[in-house]
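Below, each structure is written out as structure tokens.
First chain A sits with chain B, and in the next complex the same chain sits with chain C.
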Partner chain A sequence: MKRIAFLFLAVSSLCLNADAATRPHYGRTLRVSLLARPTSLEPIQSLAPTAPQLAELIFDTLVSLDQQARPQPQLAISWSAEGGNRRWQINLRPGVMFHDGSPLTPEVVASSLRAANPSWQVSANGDSVQIVTDAPNDTLPAELSLVRNAIVRRDSSGKILGTGPFRVNDFLPGRKLTLAANDDYWNARPFLDSIEIEFGISPRDQLIALELGKADLIEIAPEQIRRSTADGRRVVVSRPIDLFALVFTRDRQSAEEGRLRDALSYSLDRASMRSALLQGEGDVAAAILPLWISGYEFLFPAKQDLARAQQIKSGLKQSSPWSLGYNANDPVARLMADRIVLNAHDAGLAVQVTPNQQTDLRLVRIPLVSLDVRLALRGVALAADIPAPAPGGTTLDQNYQVERSLMDSQRITPLLHLPRAQGIGVTVRNWQRTPDDSWDLESIWLATEKP
Partner chain B sequence: MSIIWQAPTISTHVAGTAGFSIPGIANANRHRPTFDNGSSFAIYNSPFSFMSRALSLSRTALCKLLVIFFLLLGSAVAGVDWTQIERDLSAKIAGANGPGAISLDLVNRASFGKGELDSIRRSLITQLSTLGIQVVKPDQAAAVVQVSLSENLQDYVWVAEIRQGTSPATILMSTARRATAPVLPSAHAPAITISRTLLWSQETRILDTAVVEVSGAPGYLLVLDGTGVRVSRFESGRWREEQFLPVNHVKSWPRDLRGRLVLRKDHLFDAYLPGVICSSTGGASLGLSCRDGDDPWPLSPDLSAFFTPNRNYFTGGLSPGIRQENSVAPFYSAVPVPKANYTLWVFASLDGTLQLVDGVSKQSLSGLGFGSDLAVVRSTCGSGLQVLASSNTDNATDAVRAFEIPDREPVPISPLLEFAGPVISMWTENNATNAVAIIRNLDAGRYEAYRLSISCGQ
Partner chain C sequence: MGPRKYLASYGETLSFRRKLLLVFALTVFFTVAAVSLIVSALARRAFQKADEERAAALVSQFRNEFNRRGADVTKRIDAIATSDSVARMALSVSNGAPDYGAYLNEAKTIADAQQLDFLEFTDSEGSIISSAQSPARFGYKEPAIAGLSPATGLFLKKEELADGIAIGMFATKAVRIGDKPLYVIGGRRLDPSFVASLELPAGMRVLLYQNVESAFSAKALSASSGALLEPEKLAPLIERAQRTGQETSEILHWTIDSADDEKLLAIPLKGLANEPLGVLLVGSSRRTYVDLARRIRSAALLVGGAGIIVSILLSGWIASRVTRPVEQLAAAARQVTEGKWNAQVDSKSSDELGELASAFNRMTRELVEQKEQLVQTERVAAWRELARRLAHELKNPLFPLQITVENLLRARQQSPELFEEIFRESSATLLAEISNLKSIISRFSEFSKMPQPQFQPVQLNDSVRAVTRLFQAQFDNREKGTIECCIQLDDHLPTVPADPDLIHRAISNLVLNAMDAMPNGGDLTLRTSHDANAACVEVVDTGTGLTPEECARLFTPYYTSKQHGTGLGLAIVQSVINDHGGKITAESEPGRGTTFRIRLPLKHEAPPAPIQTSGMFKQIS
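Presenting the complex of A and B:
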């Protein structure tokens, strides 16, 4: 009788909680498949633009941003500013080692930051680092959290070293990266023993690898999120953090051209793009930054106004059709480009999709590099090759003015804000959903089959 | 059935940007942004259940209480003082518009309830009127003001758009810093068999707590975390932090950090952490002396076990051993179950099985749904001794259940006691009549220490 009672209770508890786990297990290897093909482990030139999540596994930054975009200590334990936020003193965490066992020193940190920021004057100062900027820069602590400012050291053979939770075991550029847990990591050794990352894997092959249990972590394209979820896969989705936008490759040459660009913007049916091409994922983008980061996106219009577009276009002559380029490896981009051509045509504008590199317009997907409003705006400007706004500005009004000026330049027309999604294997535990979609792989662990 | 309800008190500290520094630098957590990792130093504590007002409620009343609880939960912005942001935005509107008549339209772009929205509207109208602006109907207004109540990661963002005729709108913004995740009252479950009392809550991971009794009443609460031991005195029905004793250590802690507080007779307490042993020191004031060491951690007054310094489990090495057995398979936790002529030890192994060891034989049990954490408590119910076990779930909630082991087979004797997050640690208290369960409350984004005890199902 007791056995029956026990079984009943045990089964009922299993029914309530079908997904089994225990205290985190150390060990095992996480297998990751990615589409990107980073050709080097250099944070600035290679990892940041192609696979920023990987940089955070190998390298640390001095500062990180928490869930409310507030700077928090990492390799830096404290910081202070003088001279109206022009001169910054960064105090380093003691006892941190690079992966080869060499210590993190102010000299190494200064050298690393100088390489990433030629305009900064960076010097070692006792146990700390001093950074002097040309102009007051109150965003500097947040800026130090960017992947491009990860602290790197090169050994005598030129090998690049970090202080992060994983060290590089083997790297085949563009093909494969094997990482091993850093046993001496200053912020606790990861649970995983190692990570194997295969590069250049198509989305379809990634899905197959996940299905067959040959991968534990894959990327899911936004337009595949709904289907993957319906198919019963474990899918984790970030907040909309990538910007899909149209970028004019040069400044407007006349007031008339500016009005034509206005007409194009009014002609775009972003809602249809979202529903038809992205299966309802993501958000219509009225501004560069999504509402959840800026809080003021609604101040920019995003609704299609074809009548107004036609009205603006009437009486104006478009000297030649605009050529529109897109990333041929992005299956959604081609469909988006075709939709833009149709919308423009309805307004009387001529846009031609072309595979050429030199185009009037580019359809781009820009990852937002930071949760900090100012840094995110600068990142978008740099990615779109638009003159970057100055780092100054402390209030939201000033940030809004910066974004307004970028929009008023008519170089960029936001279309959609897209989430990022990953498919994760059934044994992956403790996946942390982060607002900036960074991968907290040092905290995850792999479960073994339940006995 | 009885309900213990105690409203929490909240205090927050938000670190600024420039000039930021933290104490206990060697122990600072990495602040990669996650939705459940905070960084401020808010403290919440509630008194013991026996110090609280106990209410006898029917099931219907309990349901009503829970409905109210969830309604409170849903109104995340309720209770915020908007006075400053209302004043600020009103002043900006007055500065841009000047005295006169305007129409005012509020747009809810955040999570405000209708009541809150109405209240804000009334306050804005009052503020504006003191600045010479009258809010009138749109057809009587010289300007149309639309105020959007929005929010971003850091702030509540209120935006006023002032439109006069065909001129472009004037945009004005005011912000108020958002608090960190609110501390919500925990819905205390009915004391059916396992009862719980919230001892302490904080944003950083709690490893263990211990209640020091003075003259038979709770006098001090010790809370161990990765940075040190907080000492609080029980005063006026609540715990008030008096002292913080930092744990000094050289090597970084392992992930899934664990730790154990053990009250002593010759000094106040010992704290066991991976590779580090700390002892309280007396004298004029309480201190803490720590050293590197792999001394075994006490599992009971009679048995200790070695803990892996860079992992989250016990090696399996025992001191002095269970009869002839000096080692078992590595395990996460263990409890003794005294029998007539021997003690049966129950180990929660790394592979999810239970190992039963009595010094003569070993037995392995699997598929029981046990989690990694076990504790044992004495009571006046049943056999007088119950094993508490976390469940092996990693859903949003976790649960603890009481078992008895009359022979070699655990028999569940209580329903699940559910928590709003995973049980990350459970230890038997020194007096063995209670256990401490540490919960990571996913709703509140905080760690909570509960005292668990067995009631006889009244």
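Presenting the complex of A and C:
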């Protein structure tokens, strides 16, 4: 009997210990290492293009998108459209405070949105904000979820203030950012007391810092996911949401050039790029948007067809080799560029890799800006510096037609869809995976002991 | 004048001593120059050979270094092939299709560790599993595999990289684990840094030319050290090596300074299929050789120059020694031509020149003796001629004197009554003949008393005018026709140093002679002229003229072609002209008149000393 009682006590104590290990803890500082070097906290000019996940820590948007890309309330609690989706009424969440304690008012919101969208007519209307657009815009609530539409206020000294879960404690442009928990956050205080983010840390140094316990959260390049996982690190991988693509810097000048671009597209061995260069991570990209977002990617061809590429090229003459530029800071980009040159050579096309800025082709990595198909396509077009597609409808077929028109322009050739991955320290708890790979750091806490 | 003629005329004007000196100097100069050239050429050839041996040694040293690098590459490839990681890769290849992603950076990592520029792993089909130089080439075929054999050692290969074409020194090794082999192909890049890393001896450098373009491109050329200022100068050598596929060498002149010359050996670089990949240029500076050759040349020039100067001085001394007797002979010969018949030279030496001097002295002595004999003979002849002339001249008046005296004696004895009358007539005859005798004696006496000229500036035009005025009446009043006198004077005639009275007398005698030659009248022309050295007076008549024999004896004293002449007139004229240092000549033809031409020097020169002769005749010039 004594023996049975002892065993019961032992099991009970183990259960209590396990419960203590999974229970949220307030406090402690999360250390983050990033390769990016943002020089400003401006969400539009600096944070959005370099470190969008940081913007979400400091700033809130009026709306967020759920996993089905449906708008969900954030700073806005409701919205309605009039006049055929041209005039929108946004009702703000009451009691929201900026980091300096000032309230979120319709005037501040209107001012912030006007700065981000000059073409909109934004005005305060009582406790709400009214937005009038030039043309009917049924995607406006989704647009309000974009980082660039985060609500920003500047105090009298020009300091940028947000309503996000963390406030800026210290910022050394390009070097370090220290955030502190916003105790008055409208969506509950974060578990962490603070976050220290170091900028400009190379992937290798990030890995070392994680191994030494000097960092709790690091970035991991797609081609390093396999090895990092094999090495036993905690790696969280998103769905493939970034696009690796070839972008022609100008429109085709003739039908012949269009056929040459076709030949190039057919010559590309995307599967080898994925399997070898990305170590099997990501997906072969047949279209601009991944299948899990658009649902129609399989309608676009992606398999290498060298014979067809050679057949197209055989009757054509390339006036001069195409120059191919790439991001010299991206190690995989160089390999991708070299592989593209080899594939193109097999088809009889001449492509030369060059570090110059003025090139015929650019190998670019375009992040997904939204889970909304139309906004995502528009974001890709904007990032690739190609004409934005005409707004389509809401159906799958309409979205396909929009993307089809973008592809038919032959300005962009998708290669791969890449996931984003983070290495997480052993003490990090409750890491929440989000569909758009945004960091939900207000939900995590740090354990006091290693498991 | 052409150069040959000029040299000929110059040679003619050169003295014997200078000719001899010139011959000696030229002989010595050419001898020294030839010796210097030969010595210099032999020395140059010897040093050139030494330089070539040095260049060959340097090239050999380079080849050793090159081979050492190759052996190092082979050694590293062997080490890679025996490593565990490659064994695992070979096992993976043997088991089936390799995972390219797993080995994407494998070759790069191993190549960095082994300090290789190129490293590739391929399967038995030649498909690249991992590539250090071009990681993106996985899955592509490596064409070199087809040309490899177990015996393949070190080889050269062209590698197409993203930044261009490169040449590499490769070695390969097959790793056999299981059924299918894994090939390891790696090497070092032949580029400027490789060339610069070669441990080369001093004075040597290596240049690498890569066959990037079909035509020569300076951009494809890299040197181990120093900047390449004029790479296009290498183009012909490189193109020749590429064309022939053989090693070829050439000396390149980089600047006008030959010390900057460089001997270059072009070694064509070929791949496995004998395809041209590039050219390796091994250059060795010729500065050491050129500096040495220059020092030898300087020494040769210094010694040769000093030798030439010394030999010229010696030649001058020898020439003066040799030519002195000849010059003395020449001077003595000149004295002889000037009338110094008894000129003698020193004849102490016993050589040919001594014999020549002795012969000359003997010749002059004999000449003097013969001349004295000739003078003696002429003197006797002259005395005979004088006796004949005196007898002839005195005989004519003596005969009437004898007849007259005999008539007086006969009249005294036979016709006293007529004696008085006869005495008066005879006395007149006697006085006339005695007067004739006195006249004859007076002329002889006058000839013997020719005075020495008193020189003063004389205008010959004035003398000619004075003579014509004197004789103008006689020209006009002649019984058998008048003489037309014509004067043609040189308006720019300079004065001459002369005795005006004697000149007047000489011209007068010539005019009288002309008048005698034109008994029936005629034309008489007196003409003056001058040249650079002398003034000239011509007396031209249109008289009977003279035969050549008469011309030859024209100035001989007491010779006359006239019936009543003494034969002293022209002798006096010649004597006067000689005393003035001048010359008189006569040109005549029978029936066409005679021209006498007097040339008087514009500057007075002492007349040559007469030969020591005795008697009444002066030297005839």
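Everything below uses one rule, namely that the second predicted complex is superposed on the first by the 426 of 451 C-alpha atoms of A that agree within 3 Å, B and C clash if a C-alpha of one lies under 4 Å from a C-alpha of the other, contacts with A are read in each partner's own complex, and residues count from 1 in each chain.
Following the convention adopted for this analysis, a residue touches a chain if its C-beta (ideal position, glycine included) is under 8 Å from a C-beta of that chain, and two chains touch if they have at least 3 such contacts.
Treat the numbers as computed from the prediction; the structure is a model and nothing was measured.
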Using the superposition on chain A, tell me whether chain B and chain C clash or fit. fit
Please indicate which partner A:Q279 is in contact with in the superposed arrangement: first for chain B, second for chain C, both, or neither. second
Touching partner for A:S156 - first (chain B), second (chain C), both, neither: neither
Going by the contact rule stated at the top, is it chain B or chain C that touches a larger number of residues on chain A? B
Geometry row: CA centre of chain A as apex, chain B and chain C as ends, angle in degrees (steps of 10) is 160
Just to be sure I read the superposition right, which of the two partners does A:V353 touch: chain B = first, chain C = second, or both, or neither? second
Under the stated touch criterion, which partner chain does A:S119 make contact with: chain B (first), chain C (second), both, or neither? neither
Regarding the shared-chain residue A:R226, is it in contact with chain B (first), chain C (second), both, or neither? second
Check whether A:S438 is in contact with chain B, with chain C, with both or with neither, and answer first, second, both or neither. first
Chain B versus chain C as contact partner of A:L342, first or second or both or neither: second
For chain B relative to chain C post-fit, closest CA-CA distance rounded to the angstrom comes to 27
Set intersection of chain A contacts, chain C complex versus chain B complex: none
Can you name the residues of chain A that touch chain C in the complex? 226, 272, 275-280, 335-339, 341-342, 353
Under the stated contact criterion, what part of chain A meets chain B in this complex? 2-3, 5-6, 9-10, 13-14, 16-17, 19-26, 56, 64-74, 77-81, 85, 91, 93-95, 138, 141-142, 183-191, 291-296, 298-299, 371, 373, 395-397, 400, 429-430, 432-436, 438, 440, 442-443, 448, 450-451
In the complex, chain C residues that touch chain A: 99-102, 104, 134-140, 162
Contacts from chain B onto chain A in the complex sit at residues 14-15, 17-22, 25-26, 28-39, 107, 109, 148, 150-155, 157, 159, 161, 171-173, 175, 178, 180, 250, 252-257, 310-313, 332, 348, 350-353, 366-369, 371-373, 391-395, 397, 399, 401, 406, 409-412, 415-416, 424
